[in-house]
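We just call them A, B, C and D in the order they show up, numbering each chain from 1.
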Amino acid sequence: MKILKHVKIWPNMMVNELVEEMKNSGFQARKLADSVRILTDMIHDKKCTKFLGLAGAIVPGGMRRVIVEIIRNHFIDVIVTTGANLTHDLIEAFGEHHYHKESVVNDVQLYKSKINRIYNILLPNKGYVILEQNLQSIFPKLPQEELSSREFLSELGKHISDRNSIVKAAADENMPIFCPAISDSILGFQIWMHSQSHKLTVNTTLDQKDILDIAFDSKRSGALIIGGGVPKHYIAMAMQTTPKALNYVVQITMDRPESGGVSGASLEEAKSWKKVAVNAKTVDLICDATIALPIIISSLLSRKESI
Amino acid sequence: MKILKHVKIWPNMMVNELVEEMKNSGFQARKLADSVRILTDMIHDKKCTKFLGLAGAIVPGGMRRVIVEIIRNHFIDVIVTTGANLTHDLIEAFGEHHYHKESVVNDVQLYKSKINRIYNILLPNKGYVILEQNLQSIFPKLPQEELSSREFLSELGKHISDRNSIVKAAADENMPIFCPAISDSILGFQIWMHSQSHKLTVNTTLDQKDILDIAFDSKRSGALIIGGGVPKHYIAMAMQTTPKALNYVVQITMDRPESGGVSGASLEEAKSWKKVAVNAKTVDLICDATIALPIIISSLLSRKESI
Amino acid sequence: MKILKHVKIWPNMMVNELVEEMKNSGFQARKLADSVRILTDMIHDKKCTKFLGLAGAIVPGGMRRVIVEIIRNHFIDVIVTTGANLTHDLIEAFGEHHYHKESVVNDVQLYKSKINRIYNILLPNKGYVILEQNLQSIFPKLPQEELSSREFLSELGKHISDRNSIVKAAADENMPIFCPAISDSILGFQIWMHSQSHKLTVNTTLDQKDILDIAFDSKRSGALIIGGGVPKHYIAMAMQTTPKALNYVVQITMDRPESGGVSGASLEEAKSWKKVAVNAKTVDLICDATIALPIIISSLLSRKESI
Amino acid sequence: MKILKHVKIWPNMMVNELVEEMKNSGFQARKLADSVRILTDMIHDKKCTKFLGLAGAIVPGGMRRVIVEIIRNHFIDVIVTTGANLTHDLIEAFGEHHYHKESVVNDVQLYKSKINRIYNILLPNKGYVILEQNLQSIFPKLPQEELSSREFLSELGKHISDRNSIVKAAADENMPIFCPAISDSILGFQIWMHSQSHKLTVNTTLDQKDILDIAFDSKRSGALIIGGGVPKHYIAMAMQTTPKALNYVVQITMDRPESGGVSGASLEEAKSWKKVAVNAKTVDLICDATIALPIIISSLLSRKESI
């Protein structure tokens, strides 16, 4: 049995040193260190196709630049995300911000002030006006045909100038973004509005061949899954419907398994489905991603030379 | 201030009597009773368009007949659901079952036995074989054209014979089902496979006008939201993008708000977005739906004459 | 493999019928039915010493009469509880009530109105004044010596007249109540105040022999554990420090294992400690006790003849 | 409104820099940064009496040295903890370790190997044998009289030589430790065993005057509360029963308010009780303490000069 060593801390210690200390500790701290170790192995594995599943309000939570670091460092190869994360990324790319909620304001007052709340973060309705103005001026410049979500997002990224944008970073790096439920987002709503008088439309059925080809062609595969939902299921289903299975998986979520939903389902359970390989390296980290993700990615950046 | 009365229980008490007792108690029991009260008001309101948002593994959890009761009693008018729930409903409609997990089995053994686990429930891979056989024989009988998810599911329902099927019940009752992320399901995968050599395809962009028209045309609106995810967001977005807002909302989930995701977001927060009306009757019930839902719906059935 | 049967519901169904339906379903509903089955077996087992662990705000939650039913029906033999539950039980026994929170009130307003909040329940400070008046007039009538918490509560119960009181019901039924952390409660504070000028004091060290004798003398043992905390640990420790182990355990809590604390620890983990027997019948039910407990106990009442 | 700034990360960044970045982000990351800010203010406030509430398995989780740093740096003045944390601290002080669980082992096997599990951490039964041997040889050296838990732990600490021990560090620094539920721990069990033939006993009623005097004499007060339970309640009750209220509170837990228990209760709710001052600086951080605590304390160490 390996001895538990208590976490040592000191002034001005580095994030990566803290992760090293956590490696020999317990509970979720140990899992956080395991996450870094497994992702390091995944990135080292040159024959591994690496997915990022991105659900939850990761942009309003302040994680936009962390995601962009993941992309620009090619820690992953393929993104699957919700329409909401893209919508919020684009709102910032077009110049609006998210804001901090002061504790005294209630939701009825916010409604009257035309400000939307996301837990302790705010977004003025104006953000959606700016989004509409910008998208409706960009859309005519895109190919006027039926596109998959992947094709659409790749084309859209070419027209974004904000270097801190997830959509732009992915386009710059030639990294596919899949958005299987794009209809269920204001971005999808804007596409639909434009499509009433133009030929550009998005059809997510067209993504199916692409995602399956990527899974099928992978020698090995891995995933960093943040927050469950459609992105988690879509990556897992690509494994389920091809003869493949994930070899490395780090799942970061506050959802739990006891209601049976896929978001909180354990990675152990995913082995029965062959979504995750029987001998895969996995960790289920129970932590809000806004805390765990910057630690993990900053630690990966510190190890990058070795990667 | 209204006095808390302690729950009384007795032998052979009825579920509806228990709900009555809980009405004056505290914590989640009181919220359970509030859920019944608000849904009763919603059903009484003849000018209210009533949505059911259905995420999570509600069919594997054993809630299929409860959902069918909701449909056949017209407690709701419109369904928004995940592809997974439809997939599992169809697998049962085509003759396979879900099974109970015995505690001694582990996931690697299940994988080797070609059995998939969903928490304490099992589904043999054979279920997917039966699903494929049946769907691929039904699909040629459907209109060979591009359909919205709503149109597709309505057509599909006509070819299901199992009266306990959600898809059939909705078709029988002429009740629309929207499935905005159908691509992200084995049902969607089967559609895509068939579409490789046939003209039938599903395009969820085509649903947008329908869901918005329903929202726009509603005088008042309400929702029973089980489990968050795309269904919750899709209903909410129909309110956000029309001049409407939900007047009655019951949300049943184990997800919590602290990670900022929409699944666990409070209904109070939704007021800032105008997804929920400022003066709406709402309750956030924190409970696994497999416990709460049968109690609530059985209680509604007992009150039906009064409804 | 045993087939999952979907829960059937009907108008005016009985709680016990609902539990029967849940028996063949999944997720927490199945666990709720398992709880009833295991407790039925425990109560049938005439050689089993049965513990009730009671933590959390079960009295403010409206469960006082349900607990009294458990006691008066002798579904258990020994109670271990927090001082807070006794404090709130006594406040009601002395004539004050708990009240419902209206959603518009905030905590600063409540503070100014001298009203304390417990989630969606309120308790005026006046309750503590009434508690003090009554206790300080009863205490002089109790034996003026050092008592164990068990002895103290047994003596106190003789001076309570409210038949719906937990303390009185236990005294009536000659059922021991242990309160290992009585110092950490307003009841304990009142004892201390009185002890400044009187000989009556409570020393929980004196309980140790009693709880260990009960564990030691048990042929078999079982526990209904609500809410973790000291009561759960105290029952478990009696097993750990004697050659015994629990043979039946039902644990009802919303706490989870991932922080390593005893409240959310799984019963499986407790097997490694010999707190729970290797072949014990156990269920971890993840549900707020205000919902689960009335269902379970009402179902047990319906089965009582068979018990 | 203050603009949300996205967290920036870089190679070899320091923990304190990460906290600075999180300050302007959202969800729990922002709350983590708020925790550091409030604790810094609390430590700066020279007229503030500072409590540490320590529940949950913080020693098995690998946080022993972090707690010792808190003590030796006098970030707090008074400790309230569970008997379990002291028990595990002493087991390590006497030479046994905690160990890491390998994923393949199950609880029945662990039981047979006489190894106890705490989530992903193990403790051999041998640890309890060593504890008993050492305590029973130390106890005769302590004052043979009835002691409060505070007095007992202060005396015990003088006989511990391990500088990484919480009990020793507190004794060295002349810092009181209260353990109101010491009966509910193996440490308490060992005291009781010894007391069968010796005069040394511990009576927690004797702590009441001390904790109330500390509260009463405080000009201002603050608390770092980890994990709820008796320690949280005991600190809060000292405020409730004196004319004081906490002015700074940081609560770190994974427990939630919806079951009404004190562990998960919000600090806002505590204002209604006057446990927390109406204008107090507070944050409820939802995170496993093994992740949050080393970040927070390491960040405080980095700021120490300014403190």
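In this text, contacts are C-beta pairs under 8 Å (C-beta built on N, C-alpha and C of every residue); 3 or more make two chains touch, one makes a residue touch a chain.
The structure displayed is predicted, hence computed values, not measured ones.
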item: Chains touching both chain A and chain D, listed by label; value: B, C
item: Interface residue overlap between copies chain A and chain B, same or different (over half shared); value: same
item: When chain A is superposed on chain C by its C-alpha atoms, the rotation angle in degrees, nearest 5; value: 180
item: Farthest chain (mean CA position) relative to chain B; value: D
item: Between C-D and B-D, the pair with more C-beta contacts; value: C-D
item: Chain B and chain D, separation of their C-alpha mean positions in angstrom; value: 43
item: Whole-Å separation of chain centres (CA-atom averages), chain C against chain D; value: 26
item: Residues of chain D touching at least two other chains; value: 26-28, 57, 60-61, 118-119, 121, 254, 256, 258-260, 286, 288, 290
item: Residue ranges of chain A in contact with chain B within the complex; value: 55-57, 60-61, 84, 107-108, 110-111, 115-119, 121, 180-181, 183-186, 188-189, 191-192, 195, 201-205, 207-209, 227, 229-230, 233-234, 237, 240-241, 253-265, 268-269, 271-274, 278, 288-290
item: Residue ranges of chain C in contact with chain A within the complex; value: 26-28, 256, 258-260, 286
item: Chain B partner contacts - residues on chain C that touch it in the complex; value: 1-16, 18, 21-22, 24-32, 57, 60-66, 69, 97-100, 102, 118-122, 164, 254, 286-288, 290-292, 294-295, 297-298, 301-302, 304
